[in-house]
Every structure is written in structure tokens, then in C-alpha cells.
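Each of the two complexes below includes subunit A, the first together with subunit B, the second together with subunit C.
Right, the complex of A and B next:
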């Protein structure tokens, strides 16, 4: 069914159009919204586009990086300063999807997708959104938990601290098909080490709940301890706590619960 | 609902059509322009059968809003041969038995072309990665990978 296409030159006008129409959906790279249109989603009556360069902005010069919501995964892979994000970007789709899919859109991708958001959750990212009443920053965990209510807001960018050391950030997507496939589970961990102990552990999981979630019990098992076999075993045992994985065509919820600890242990131990 | 006028370059030729709001590029190419080389597979971005090049970059036409290609250049399989002569990739696919039912072949060829345009001498792993968004249910992929490598090495018949 035809829909109204509204194209704006700046994000303010686009955000106003988005927040004033319940049937409006923001159109970024197209990998989510065009798919919904192709499937005949009647809840979409209009699509809103913004051709604003602000959405394509990248700032990777300092310790804190900012990525415009319209930046594609192909562009992330082309930026040397984003080396810590290359593994999550490369794990998404094939080359065409990476040329189209955007960082902002991935925040809304349902299971078994949304792998980049798992990495951002482990990095304690902040999501900048613009709604009808102005712009605000939302911690990504809060954003993801209220994702259904964010459809009327326009995501402008995400920002996060670069890991102080490359080895402090770990990422793995478990898929049945390599190099491309939907996620059975996705894991990301940011484990900064100070004086030989983990301080500020963040572990995020994809496909283990309705949205990406933090494995807080596993984080507690590592916090303040050296990253060794003992703490890794404790974290692996706790990984399933607080999760509620669903069944889908790729795996059952039971299977996901069974393997999440195994893969967390392998990830933190540096095993393949 | 009013249609929108859309102009873009299609295989080196300027075209102008009217599209309904929300029309995807695959429908515009097949039903409004008559270029049947990009195929409808899944409509979800999962199979790659509809792959085209937009300004030289590989995209899925089923997930591309037709209006977003206004003023841009779209290349499909129909535009890669040189007159009556097959493109070296097409010749390599034929020589290496890289097509069986042929439904994935247009998308595979465009994905392969996108690779060779920016990396004329890819490794086997790079070929595998380049076609990772394209599903083939017949060949088991090996003949396709061999065909792309043959085209890259100039082993395809001219």
C-alpha cells in the first residue's frame, strides 16, 4: 500500500514530523522500514527522511567518539579510529547490508539482529535523540528498555568512550552460518583492568531477552577481581541470570540459556 | 495518493518514471522500467538476488526506497555487458558452471563486480566475504567462488 514520503533537509523538521504522526516511521538505511513495508505493515502510513549532514558526522579524534545515526557499517569499517568497533560492524549482514544499514537503525533492530547495539551497550554508550520537545541524551540501557516508546523520537547520534586498551573489549556473535547469519547469541564485554583488577565491568548480550541486556550478575562476578580462570568461571556461571531468551528459527530459548555461559567463558579466555 | 516523479541514471541512460510513495527500487526497475535482471527473492534483505550497484556501491534494491536514487546512477546486470560481449565475470560463471537454476546469478554477479571494481585481485576469503549476503541453493558456492577468482585472474575467455 502506498505511503506518504516526507523528506526534510534538517533533523529538527524531521523530528517534528516524526513526533506529530503516530503512523510515521523514520527511514534510515531501509533495512528495517522497507522490509516492513514489503511485508505490508499497515501501521506505517508515512515515512520520514532527513538529508542532514549532521546524521553522517563522525568524531573519533578524542577519547570519546561520536557517530551520527546515519553512518553505515561500511563506513565504520573504513575508519581506522573505529578499529574497536570493526568486529561488531563486520558481523552484520553481507556487504550490501553493511552499505545500507546504519548505526541509528541498529538500535531498533529486533532479535536476532541488533548486534552493533550489543557492542554499544557494553561500551556504556549514550544515545542522542530529538523529539518534539527538543534534544536529550539517554543512556543506551535506558533507551533499549524503552525502545518501543522511542519510535516517535529521531536518533541523532551515539557516543561512547574508546576502550583504553584494545584487549579490554571483547565481542563475539554466535551464528549458524558464517560469515553471515542471524544471531544465536551475541556477546560483548568491556573489562577495563586497573592494577590487575577489573574495574567497571560491562557485559552485554544479544538474543537473550526481548532487547539487548546487560549480564549484571556476570559483571559482579568479575568486578574488582583479576581476570583469571576463577573469575571467568564465576562470570560464566552467572551469565544466564536475568535473561529470558525466546525460541526462534535459529535456536530455542533453552539452547541459548545452555550456551551463553560457555561462550562467555570462551570469549573472556580468548578461545575460539 | 499522488505519484512522485523520479529521475535517475539506469545503466548509463537517463530514465524518468512516476512512483507510488514507498515503492522499492526493485519494483521500480522491474515493473516500471522493464529491467528484469534484478530478482525478487525474499524482500527482506536476506538473499541478495536483487543486488544492484548504486553509484558503484552494492545495495539491495528490495530494501532501497526508489525515491532515494533520484539523481544517482543505478547499474544492474543488464548494464554490465559490453554490447554483444559478455562481461568477463559472466563468461567466467559460464565456464565454471557457476549457475544452475540461475535465480541467484544476477545478484551474485553484481556482488562479485562490486568486489572486483575495488579489489581486482581478491583472495579466496575476500570472495567468500563479498558474496556472503547472497544465497545460492544449487551450486554449493564453490563454482561461484572459482568463477570470481577466474575472472579476477583473467582466466575467463574473452
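Right, the complex of A and C next:
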């Protein structure tokens, strides 16, 4: 059976087409879906597209930013208000991938990809999803954990709070090939400091489990404490807790477990 | 910035270079930078079909049964190609120059020897329909024990990878399971050395990673001929390989190539053309067969892995007096070009240094891994990496500057190389001196003054007495001949009795036409 392409003018119809067909796959920038088709992925029988301006919307004016699912990384990099997201956006692919790849698609990118979602996870983002029963908001952590079951849903946008201070947000992707290699591990940390103490610590890791995960033990090690050598050491040694990294061509699971604490320490203490 | 050091060896050359040192535009540059170069895959022919290959999911397994009935009925399928459809389903690349035995089928028969080995080809109207039909091919495997390590493969009782070579080693000159280099008495050299250093080096396979994956398009032409657009790096080599496998005269084909989207040695194996042309022959339609990126990475031939042991004897003053090398080339499951890489490697030992006692054993080993092939100086690159690492370690061991250590041991004009040829135009010393100068690396006066044209020859031109190994008797008949080999079958001359170990070896005979000649591939050969 040839692959059918269905193009809709609004997200509602696209979402309906997506949820009614098991073999349908939403086509954002095509950096994942076209690759799968070219490599003969027979699980895709049709691709669904939506030419809805709502997917391209950006709202960066207030303290809470909203990014349409169809916004590309190149566009994120072109927005001054998204400066806090430039490091993760720049760490994805080469210029060609950044011109096509979308924020929504990145939520579905399997290891060793999905770096932007790591940043969003550390920022406690909310994913707005159009399902069969209308739109609903899902916390990104819950969304990622149930990602396999979200295939029939259409992501409309993601939103998150801007970090109050630029230095409260940290991001690092460890790759073997720079600048565009897949992730060995990816780390993002949002550590708002109030009266000298970390309040609401969020640390997210990529390539350390089936999906992007939070390093909750490391977060606990920092919560309510000043960000100093002893709390960073405690967080670094707890970073591996609750992770289950797999082996792939870039690194073994063992290696990822060994280095995650090292890189978290460097990230939090501002070392290169 | 290119800088020509014309002051060095100025007396050896008329200063009339026409190309070197001058800017010359590559003839294909304009097309490449303007995006107008035509590659094989830029041909979209009317009625073109697409060929995909069902590949082994096992590294080593017997094929009990291949069931294609369901696949044949799959939508859009024009033809399923099985091993029996291939006129001569056994080949080795270098058979065209009569080197090695046919050991590799285009489609597996009875057994698969590496993960990804082609088993069945599907020709369909679209790539998608070909993929759908591939899903419906049922292959019943009986897994066999596999071997992935070169030294494990040489142990007795190791699984036999490739029945053409039951000892898991390529056979040189009908007799030897490895390439040998013997020069002087290495054991005595090691025994007399102040320090002995033995190290192990392991290189992994390397994928060529071309932008354009391997592929070809074959189309029926008039008068029973076929036009073939191909990514091959070795056009005429590919023509003859296809002619042999498809058992037709080579003028059946009109190969069009020349623009290669990245080769580096990974496009000499003619891995797509034979099946592609056969698809066109069997369907009467143009057929396209292109490897996907994952196929290219996983099953396209890589540079082979190599394991190298080097044991050196060095004197306190820095002179290397003995070098003993054992190297294992991982050829993967079939020969391709690693057999030749081992020849090149043995010819390269002991590196560009004058060492009075050299001993080399270089094995081309079969394992259940993807067959390895050519890549940029293959056979030499990895060995050089090992040798130069070793040189640094030796310099450290004797407390010498690594640059000066190389100048001290570098061969000089007139020295005898381990292959019993006189070293000429050596120039390594000057290269090291210029490199040191550029890197602002201080060299002591005596090393700055050293010259490759002084201090060579004399005692350094002598061939040290070399003990002879016992010669194995030829186990089988002389090398397999092919229809391409028009020479009469050579008869093996009786072996001369081995001379006593202390007698100096004979000087190499001067080559003359029509007499016995030496070739690095064939050894001594009658013309």
C-alpha cells in the first residue's frame, strides 16, 4: 500500500484523522517521519499534516511563554525573547535540521535525540494536546512518560514560565561529534534561588532512560540549600539515581551512568 | 598555506614543476559547487522498478528454508530474485587479477556468515511495496556459533566462517596462512637489546560514511545491452565483476559513472550492480538498487579492524635493534580486499626505519563480521598508527626526544630495507627536521645536521643472516583460475632445500622481461 498524505487546514480535523487511524503519523518538520519512511518503516501508512497558523504561534511577551508545536528551532533562535532556549535549540542537528525540526516533534524524538524536550522538562512545561475529546493540558513529565500512548494525539503547543534569572537555567548536551552529534547525555537544570537558597529545583536528563527523565534525587539534594560545593557534590552523586540508560552506538549505559554526575557537577558549578 | 621547500634536495631536481605549487582547478569543481553534477541517482527512468534486499538477521546461521510465496503475491512485486537465479553466484573481487578464491555469493546459499548478508532480493514498483514484500519473506534460520574476534577465529575448534578458507585465514601462494617478513635474526636482536617493549594495538572498523550511499540503476538498452548508472569508484573493475557474476561478455554493459558522492574506498566492492542488472534482465525494466543509510552504515563494507602486536628491542643509545610484529586483519566473513591489505602491510614493515632484525607475521582472518574493504591507505594506516605510538613509547623508555629518536632510526639512502631492497630518496629525516622547525620544537645540533643522504649504506646495507622457517607443503592445487586468466596454468617448481640458517640469503635477481618477475600480489611469477 502506498503511503497516503492527508493535509488539513485546521488542527481539529488533523487531530481527528490522527486519532482515527493507527498507522497515521503526524508530519511536523519531517526530520523523524521522512527518515523513518525512507528507511522502510511499515508502521506508517499515512501521514497527516495541518496547515493551521495556530501551530506556528509564538507568545513570548509575558512571564509565561507559549510556543506553537510547528515552530522550528531556527525560529526559536531568531527570537530574542527566547534567549533562555537558544542553547538547547542550537544543540539540535545542523542548520538543515534546525530549519525543519519542530518543537512539537522533538517531544516524540527517541534517544539519542529529543534535547529540546530535556530543557522543557526542566522548565516544568505544559503540553497542550488536541485529542479526540478536545484540547487539554498535560504536564510535560506526564506527557513524556505516556508518550507511547500519545501517538494518536496532536500536540498544539508547549508553554512554560520564563526563568526569572538567566543564570538560574543551565543546559548542556554531551555529544561525541560537535556541533551536531546525537546525545551521549543531555542535562538541563532550572534552579531558582530565593534568599540564597534553591527553591523548586528541576533537573532533567536526556538519554538516561527510555524517555527524558527528571533526576529527582539530585533535585532533593539541592532543594532548600544554597548552591555551593557541598550541595553540588550531593546532587552530582545522586544524579544517577532512578535512571536506566541503555547502550547505543554513541555510548554504553555504564558509561552514561559514570559520567552523568561528573557533567552535572560541571554544569552546576559553571565549569566548561 | 602551501610552502615548497625547494632548498631541500635542490640539486636532485630541475626546477620546472608545472603543477605542484600552482593553483589548479579541479575539473569537476564547478558542477559540485553549483549543484549541477549528475550522480547515478539523478536518473529517473520511465517504468523504473526498485530493488531491496532481505538481509540476514543472524551473524552465522544455516538457512533451512526460504519461503517467498507470500512475498511474490504482495502488491507491486515484479520479481523475487533468489540465489539460484544468479548465473555465477560465487565471486571474489580480486579474481579479476587471479588473486584469491571465489568465496562470496551475491545472495546467500545454505548459510549466512554475517549479520546483514543478502538472502533474497525483491523487485517492486515502489520502494514501499518492496519493503512490504520483504516483510513477507520467511527465512528459517538455524543459528550457528559465531566468532567475532580475530585471535579466537584462529584457535582450533573455532567455528569455520567461510568454508572456502577452512582455517579462517586467507591462503597466500596456495600454502601460507599469513604473510611473512623475515630479515635478520629477531630473537637474537631482542635478546641483545637493553630494553624490550611489547604492546598491543587494536583498531576498530571505520565506516566511509559517504554522502551518497552505494547504489546503481540498470536499464535495458538496444541489442541486448544494459546501461548502468553507478556510484562505483572502480568502473571497469565493476564492469568485469558484473560480467563474471552474470556470465555474459563485458561488452553487454555500458557503465556510466565517474561522479562519486564520496567513495574513500567504500565503493569498489561492486555490491549493488550485479543484482541491479540481474533485476533489469529478469523484468525487462529499469531497476534501481540503492542502499539506505542504515544499510550503508551497518552492512556497507568498512575499513577492517586490525589487531597488532609489536615487540621491539632498543639499545640505551636509542637504536632499535629488533622489531617483531604480529598483525591480524579482520576481513569479516568474505575476502573483498583485506587479503591485499595484509600484503601491503607486510610490505610496509617495519615502517620507515632501518632496523637490522625484523620479523613480521600478518594474518588476514575471517570472522562473522561485515566484510571489510579498502579505505585510504588500508593495510598501512593502522599499522603506522601502531608503529608511531610505539616509537613515542620507545623514545620515552630510553629518555630520548621523540623527534630525535625518529631521526636516529630513520632509514637513509643506501640502507637495506627489510624487503631486501635498497632505500632510495628516503627524506624522512628532512621531513622530521622541517616538522620540528615549524612546530618550534628544539632539536640538538647533531640532529639538525643529519641528512638522509649521509650515513646510509655500508654496514647498514648488509642483509643480516636470517634463519629460515620450515616451509609448509602446498596443501591444495594451484590457485583457482578464472575465465579471465588467459595464462597457462603455472606449474609449481620443486622447492629448493632450505639453506643453513647462517648463510646469507641470495641477492634479489634483477627483473627482466619474459623471465621470473616479482609482484607484491603474486610473489615470484613466471611471465
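Some points to look at:
Following the convention adopted for this analysis, the second predicted complex is superposed on the first by the 271 of 272 C-alpha atoms of A that agree within 3 Å, B and C clash if a C-alpha of one lies under 4 Å from a C-alpha of the other, contacts with A are read in each partner's own complex, and residues count from 1 in each chain.
Simple rule for what comes next: a residue touches a chain if its C-beta (ideal position, glycine included) is under 8 Å from a C-beta of that chain, and two chains touch if they have at least 3 such contacts.
Everything numeric here is computed off the predicted structure, so don't read it as measured data.
By the touch criterion stated above, A:42 is placed in contact with subunit C alone, subunit B being left untouched.
After overlaying the two complexes on the shared chain, residue contacts for A:199 are found with neither subunit B nor subunit C. When the two structures are aligned on the shared chain, A:78 is found in touch with neither subunit B nor subunit C. Within the superposed three-chain model, A:99 lies in touch with subunit B and out of touch with subunit C [touch as defined at top]. Of the two partner chains placed around the shared chain by superposition, subunit B and subunit C are both touched by A:2. Of the two partners, subunit B and subunit C, it is B that touches more residues of subunit A.
Comparing which residues of subunit A touch subunit B with which touch subunit C, the overlap comprises 1-3, 37-39. Against subunit A, the residues of subunit B that register as touching in their complex are 1, 4, 20-24, 43-45, 48, 51, 57-60, 62-65, 67-68, 111, 114-115, 128-134. Those residues of subunit A lying in contact with subunit B across their complex are 1-5, 7, 27, 29-31, 34-35, 37-39, 44, 46-47, 49, 74, 93-97, 99-100, 179-180. Within the complex formed with subunit C, the subunit A residues making contact are 1-3, 37-40, 42. Residues 52, 75, 126-129, 131-132, 134-135, 292-294 of subunit C touch subunit A in their complex.
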